[in-house]
Each structure stands twice: as structure tokens, then as C-alpha cells.
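By written order: A, B, C and D. Residues from 1 in each chain.
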Amino acid sequence: MIAPRVDLNADVGESFGAWTLGQDPALFPHITSANVACGFHAGDPGVMRATVALAREHGVAVGAHPGFRDLAGFGRREIRVPPREVEDLVAYQIGALAGIAAAQGVRLQHVKAHGALYNMAAADAALADAIARATAAVDPSLVFLGLPGSQLLAAGERAGLRTAAEVFADRAYRADGSLLPRTESGAVIHDEDAVIERVLAMVRDRAVSAVDGTRVPLRVDTICVHGDTPGAARLAARIRAALEKAGVRVAAFRGP
Amino acid sequence: MIAPRVDLNADVGESFGAWTLGQDPALFPHITSANVACGFHAGDPGVMRATVALAREHGVAVGAHPGFRDLAGFGRREIRVPPREVEDLVAYQIGALAGIAAAQGVRLQHVKAHGALYNMAAADAALADAIARATAAVDPSLVFLGLPGSQLLAAGERAGLRTAAEVFADRAYRADGSLLPRTESGAVIHDEDAVIERVLAMVRDRAVSAVDGTRVPLRVDTICVHGDTPGAARLAARIRAALEKAGVRVAAFRGP
Amino acid sequence: MIAPRVDLNADVGESFGAWTLGQDPALFPHITSANVACGFHAGDPGVMRATVALAREHGVAVGAHPGFRDLAGFGRREIRVPPREVEDLVAYQIGALAGIAAAQGVRLQHVKAHGALYNMAAADAALADAIARATAAVDPSLVFLGLPGSQLLAAGERAGLRTAAEVFADRAYRADGSLLPRTESGAVIHDEDAVIERVLAMVRDRAVSAVDGTRVPLRVDTICVHGDTPGAARLAARIRAALEKAGVRVAAFRGP
Amino acid sequence: MIAPRVDLNADVGESFGAWTLGQDPALFPHITSANVACGFHAGDPGVMRATVALAREHGVAVGAHPGFRDLAGFGRREIRVPPREVEDLVAYQIGALAGIAAAQGVRLQHVKAHGALYNMAAADAALADAIARATAAVDPSLVFLGLPGSQLLAAGERAGLRTAAEVFADRAYRADGSLLPRTESGAVIHDEDAVIERVLAMVRDRAVSAVDGTRVPLRVDTICVHGDTPGAARLAARIRAALEKAGVRVAAFRGP
């Protein structure tokens, strides 16, 4: 019997110029895949270079985390951008990070859309196809991340990409497999022990208990750990230790 | 005897969003290498995609034209940026264009710094090295453009890159091989016949007559045609026709 | 009997850095109120200064034309910005233009939201209130423009501002008084004689014929002339001449 | 005999979007004048609004802190901008903050240039005049800050503005009254007791001991407290307490 395997990803490289955000140095020892901001919603060329260097140092796989061109809103605001333009801005951002990474001898492993772009594309096939098409056109070997059951994963498959289904360690799910919106009470699970129990169950059972008690089957290829909350690094360390103790192999998609 | 050969380059893709600049569609039939703005001083992902498409349609080789992050100043203002940051922003911009180009099956041929970055680096070895290092690190097969005798060309050679010496069709030269600054009278040659005569002489003799009459030997691999002046496309057409009539092969660096 | 009176407004100052847009010098002799872009979707401090100078030279009243922070999209893309942030960005932009204008001894006359902000606020009371509140808070004497019957005009009144109802010279209307979207055929009226006939009728009858033939009563305080189409200046001149010939006084809100 | 009086100023409002910088809430109880970033090098409309609200709450006078358009470089990089453009960007930024402040019933008290703009203008009369002219043109009642003996103060006087000479609590001075550059050892004084002793001496004696022991007479109207170092708020509190204990009145320029 093959041991279960899962990837641990986090959004990193979200500083900009004089402004620092997140706890990348503390987080990198515990994750296996890094989603690096590409300069449109966060990150700048110097931050990207330093983030790729950190990833290389820790043996963490590097992926692009393209977002809307919206520094002021951190890519979290919905912007009505035609799919053709989304395709261009995703190709641009993947290429930019690929350039920064190539300069350090690093090849990109994956692509995960950021913020409002991720959320809008999860439900909008045309946007999702635009992101997937750009990814496949720039480099067809890239792994394409999205919510299980979302338009993003479907678009990745339509574009011929290897896809990875992403679950969230600390978020409540609805019976249809979607995330309970942050505006609802109970959307974020703050109890660390509960989060770890939940992650173990998701990886073991390939299912999650929805807020109404329904058991929702769930494809689980990678677990997203939030990097911008206090204690994020410690939680990531505990999740990883618990997974490994349970016999789960925690490794990047392209890992050995 | 091998026929003389020269490349004709122009700065293109300098529109942004709703704003159009230059006469790219009229210019592309006549040039062999296109320096495409990469979004920091001009250009955006959509403009870059359309520009690469035009280049592909006309069989024109595509190069990156990285500049300072300065949309408001079009990259023409000197900014004191440490070489380490210049290296990052050049790698970023080359990568971004490479991504956009790869999505169309096009590989980059060359890199030419833009505006104030080009001018500052021509005289500043540390800046020039930063640009050349970034270029070589992203893709060591890229051809690296610079003024003959400038720090840029020297840096390109130090970085192990194939270099190309660029002359300007319509600019006056000083006895030391540098361009007469635009602020001096006679810096730009407006008479088209004189420009063509001059280009033919530079390619034939590998030398130019300086403003004081001195004959300045000049390495000539590519001729820069300005794209932002009225009549630019017609002048490019006339230069190309005159060169071809004189038996010069006009072709990109990687051309057949 | 008091002669009918109307204002002629146009969006101006939409250049940015090296990029020029519109035909401001040709347009200014014919309009009475100028909506000046404030740097978020178009315009920069130098363009704003030059535009205010042109307005002063031609005796044209100056107003702020605040938009979303979206140079790449020219403020035409819908962005989900909370009303609180909209209030701040409108206050910022009005203040910025007021500073540029004060430096030339000019006081602002009015405020008209731009592009997607205008369109979204026309139908969204919370956004409209945010724009009106910011306007009133910065300077309660500013005139507030909006579509007749829109949330913008209602919000202006709630905020205690003097309002001005704006009609479009070259756009088709629906029976409910809203504009036929540009995506529908016949949305823009291209025949100049028809446009002029229509403007005269709107000012005379305070009503317009909708696309289905319905007669829609319409408050008409100002007519918007588009500045970004070829022939815009000539059309503005013809509209003004026709209005004046018909005995209509064409003057800014604060005009004599 | 009139009690000596001095203002305590700090640079504040330097956050941007999702990024937080500085310790404004801890600092405001101790300063008398706040230099608020205006969106070009730091700050955004929401940050500016919140910063003005903090200032109002603490009875702190509000001033504009205009800088180069350089978010990525935090306004600390020298950019060669013609004086005419500097004049425009300063007028724009003062106006923007004045708009945000007016919306809260607050009038601006002063203007202090930021970062590279401040440093370049200290030695460049044309730049200094541009900043002073813009300030006087927007509002001639604004107090204009600069290093004693610098071109900024001279320009402020030429423009007819009330000026205020600014000293730095924790910086070493050279015999000519200029600051020892940060690149030199000993440029920043880290010992808090020494800083406080120094501030008391400067206010009492209107002079400072230069690094070579020379006694340099110094006009002292306001003391700059850095807000971006750890412990800044505590140091500000100690400086203020020491000044008040020594009988110095610590108050804004327009204070009672």
C-alpha cells in the first residue's frame, strides 16, 4: 500500500519596497511549496529574488502567485477584467517570476492564482480558462492549483495541465464543498488542535465534515497554510509534524 | 568575400492601457529586431502580447527593452537605483516578456536597456554589469546591445554574452565615439538623405565622421531607428532599401 | 420669460506622462465646464496644471473628475471598493486638483465621477453617498453632476449639494431614462445633425425620445460632449452654435 | 523673559494598503506636528484619513510630507525631475492632503519635503524654489520646514513663507551645520540619554557641537523625531518630558 502524500503550500513574498509582510523566514522550514507574489498585488523584483533564494535554501518548490494589478488593494478586490487581459497578466507574472528564478537556477513548479482572481475564477469558467491557458502556454509542465470542484481545476484539466486540489487547514466548508465565506461566523477555525485533527482527517479520509455535518468527499493534493496570521509558522510546523507522525509523506509535487 | 550584414532595430510596444504611442504597425515591415517595452516605463501585458504578435507576423526578432520603474517619466529620468536592484528589475522584465513571448511560441533574441538606464549604464560599469549579469543569468543565449565603446558592451562581454554594437542613424557623434547630447544643436540629423548616406557609410566603412570632422572607427552590428518621430516608418523603409541596394544583408542576429 | 440655460461639459486632461489623449486645445473654446482627470485613472500633476491653465485661458469652469485607482484600465473597469474607501479616494482627488488649481488662482466649480465609478454609483446608493459625502466634506459649494434620476443626483441632494443633471448628446436612452448600454446597437448616435437636433430638443422640451419611442421627461442642466472621438471639437462647436442660435444661454453653473 | 519654545515633529502615515509601517498610535501623544505622507512615496487616501483623525484626536498639527512618485523606493531614491514637475507634484500632494483634512474640518499647518526630495532640495536652489513656490501658491499661510542654513529655508523665505528650522535629535552634525551622512560611523546617536542631553542643549543654546568639536550656531524651531525606529515613541516621550521639565514650551507653530 502506498503511503498517503500531501504538499504544504503557503503564500509568501508579500512584502513590497520598504514594507514587510508575513513571516517568510519562519515559515519556509515547514512548507514544501511556496506561492510567490509576482509584483502586481504584492512583491517586487528584489522581494521576489530574496523569496526564491529562501525557497532554494530550504528545498521548497517555487510557484507563481499571480494576482490583479492592484497594489493598493492587495489583489483582494474584485476587478472586472476581460479574460483576454487576465490571460496576458498571468503570462506576464509567471514569466517575471520565472526570470527571477532562472537567474538563481530555479525552475517554477506551479501556479496558483491570488485573492480576488482566485475567488472569481473558482466560479467563472472563462476567467479560469484564461488563467489555465496562460499557464499552459508559458510552460505546460507547471502544476495548476485550485479548489477541488472549482472551475479552476476543471480549466487546468481542459488546458492539459497537471492539477492539484487545494484544501484549507483552518476553514469551514459547506455541504457543496465550497468554503464558508469569511463573513460568516465559524468560517475560520482558530483552535490549533482542531485544525490539526481536521487536516489529518482530510488527508486520511479524502473528505471533510461540512458545517451542517454532511460528509463531503474531497480531493486533497495540497494543504494551504496561511502565512499572514500570528503563529502561522508554529501552526505549519505542528501540521507537518502531525502528518509525518501519521505516516503521511509531506512533499512538493515534483519532490522525490 | 562575405557580404556586410547589419540588423535594424527599433523601440516598440510603448503604448500603455488606453494610451497609444508610436507607429508599430507601420514600422514592423522594415525592421529586423524589435525592442519591446516590458511594463516598467511603458507597455503592459496586453500591449506586449500584441507587439510580440506583430513581430511574429513580420518575422522580426523580439528583444526585451527593460527600463526603470517610472511610467510617469517614461523611463527617461535618472533614478539612483543600487546595482543589486537594477539586476532584479532587469531579470523581472526579461522574464515577463519571455513569458508573454513563450505563450506565442516566440523565444527572445536580445536585450537592450531603455532610456535613462541605457544612458547611465553606458558610463557606469557597476550598472552595466548589473544589467549584463541579469541577462546572462536569465538566458545566456541572449544578445546584448550597447553603444560601441560603452560600459554596456564591455559588461556584456564580461558576462559572457554575445554583444551587438548599436549605432544611431540620425544622431551626431563626438570624436570619442559618444553621441552628441540632444541638448546640443545638430545632435539630431533631420535630413533624410543625409541620414541614409550616413548609415551606408557607417556600415561600409565601420566608421563615422564626428562633428569636428574626426573619423571615428565604429563597430556596427545594428542600427537603431527611432519609432516615435513622424515619418519614422518611411525612413526605416528607405534605410533598409538603400542598404539592400548596396549589397548589405539586413537581418536579425539570429536570422538566417 | 427666462431664457433656457445649459452648461456644456467635457472630460479633459486625460493624458499621462509621455502619452497624449484627447483634443483638449481644440475642445476648450467650445465648452463651459471641464471635468479634469485627477491622476488615478488618467492625468498627472503636470497634465492637470496645463489643463487648468487652458481652462483659465478660455474662461472654462474647472471640476474634478475622480475615478478608480486604475491607470491600466483608465478607470473603466468595475472594482469592488468599499464606500469608505471610495469616500477617501474622492476627497483625495478633489483636494489634489484643488491644490493644482489654487496654485493658479482657480477655484473648483464641480465634481463628476468618472467611468466605472460614475456608472456603478448611478445605481448604487452607498457608493453615490460616499462620493457626495466626500464632495460636501471637502467643499460644500461644489456642484455635483449625475444622470437625472440616478442615485448620484439623489445622493448629492442628500449631502446638501447643489446638483446638476447631465445628459449625453450622442447617446440613446431607454424608457426608464437610463442610457442604452454601448454594447447595444444604436447606443451611440453618429450622425452629427441628429445629435444637434436631439440636444436642441432635450434643452427645449426637457425630455428625450427613448429608443422605443417613449417620451422621457429629463432634467437637463448640462450636456456632456465626448472629447475622445475624432471630430469632437467640431461637434462641440456645432452644438454650442445651435444652442445659442436657438436662444439658449450656454454658461457654466457659476457663470454670469 | 519669554520661555523658549519648540515644536516636535515626526513623519507619520507611512503605511500603504495592506502594509503597515511605523508606530503612529504610540507616537501621536508625544509630538506636536505630524508630517503626513501624501500617497506618492507612502500613504494612501485611507491611511491619510486615519492619520489626520489621529492627529485631530491628539491635538497634533497636520502638515504635508510630499515626496517623489516612488512607492517602490519609498521616496528615498534620487530622481532627476525638472523643477517645473516638482512644483506640480508638490502642489498636487499638498492639495490631496488638504482635501482629506478638510473633510475632517482640519486645516494644514505646514509642509516638509520627504526623503530624497528633501535632501536634494537642501542643496539645490532650483528644486527648493519649486517646492516653496508650490507651497506658497497653494496656501501662503503654510509654515515651510527645512534644515537651518539649507536652500529649502532660503527658498521658503524667497517665497514669502513663514519658515521653521528643523534639527534632528539623534543625528551628528558637521562643522558647516550639515548632517553627517548616514554612511559615516557615528552619524546616528543611539544612546537615549545622549540624545536628550543634546536636544536640551540645542534648544537652550541654539547651537550644536559638531563631530569635530566645533560649536555650530543653529536656528531651532522644531525637532524631528524619527518614527520608524523601535522605541521611537518612548524616546519622543522622554524628549518632550525633558524639554517641559526644563521650562521649554513644546507646541506646534500655530499652537496656543
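In this section, a contact is a pair of C-beta atoms (placed from the backbone, for glycine too) under 8 Å apart; a residue touches a chain by one contact, two chains touch by 3 or more.
Everything numeric here is computed off the predicted structure, so don't read it as measured data.
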Neighbouring chains common to chain B and chain C, by label: A, D
Chain-contact steps, minimal, separating chain D from chain B: 1
Interface residue identity across copies chain A, chain D - same or different by half: same
Gap in Å, rounded to a whole number, between the CA centres of chain D and chain A: 43
Averaged-CA centre spacing for the pair chain D and chain C, given as whole angstrom: 39
Junction residues of chain C - those touching two or more other chains: 44, 72-73
Pairwise touch network: line, ring, star, complete, or other: complete
In the complex with chain B, residue positions of chain A that touch it: 39, 44-46, 48-49, 84-85, 87-89, 91-100, 102-104, 134, 137-139
Complex contacts: residues of chain A adjacent to chain C: 69-70, 72-73, 77-81, 116
Chain B - residues contacting chain C, complex: 14-21, 42, 44, 71-74, 76
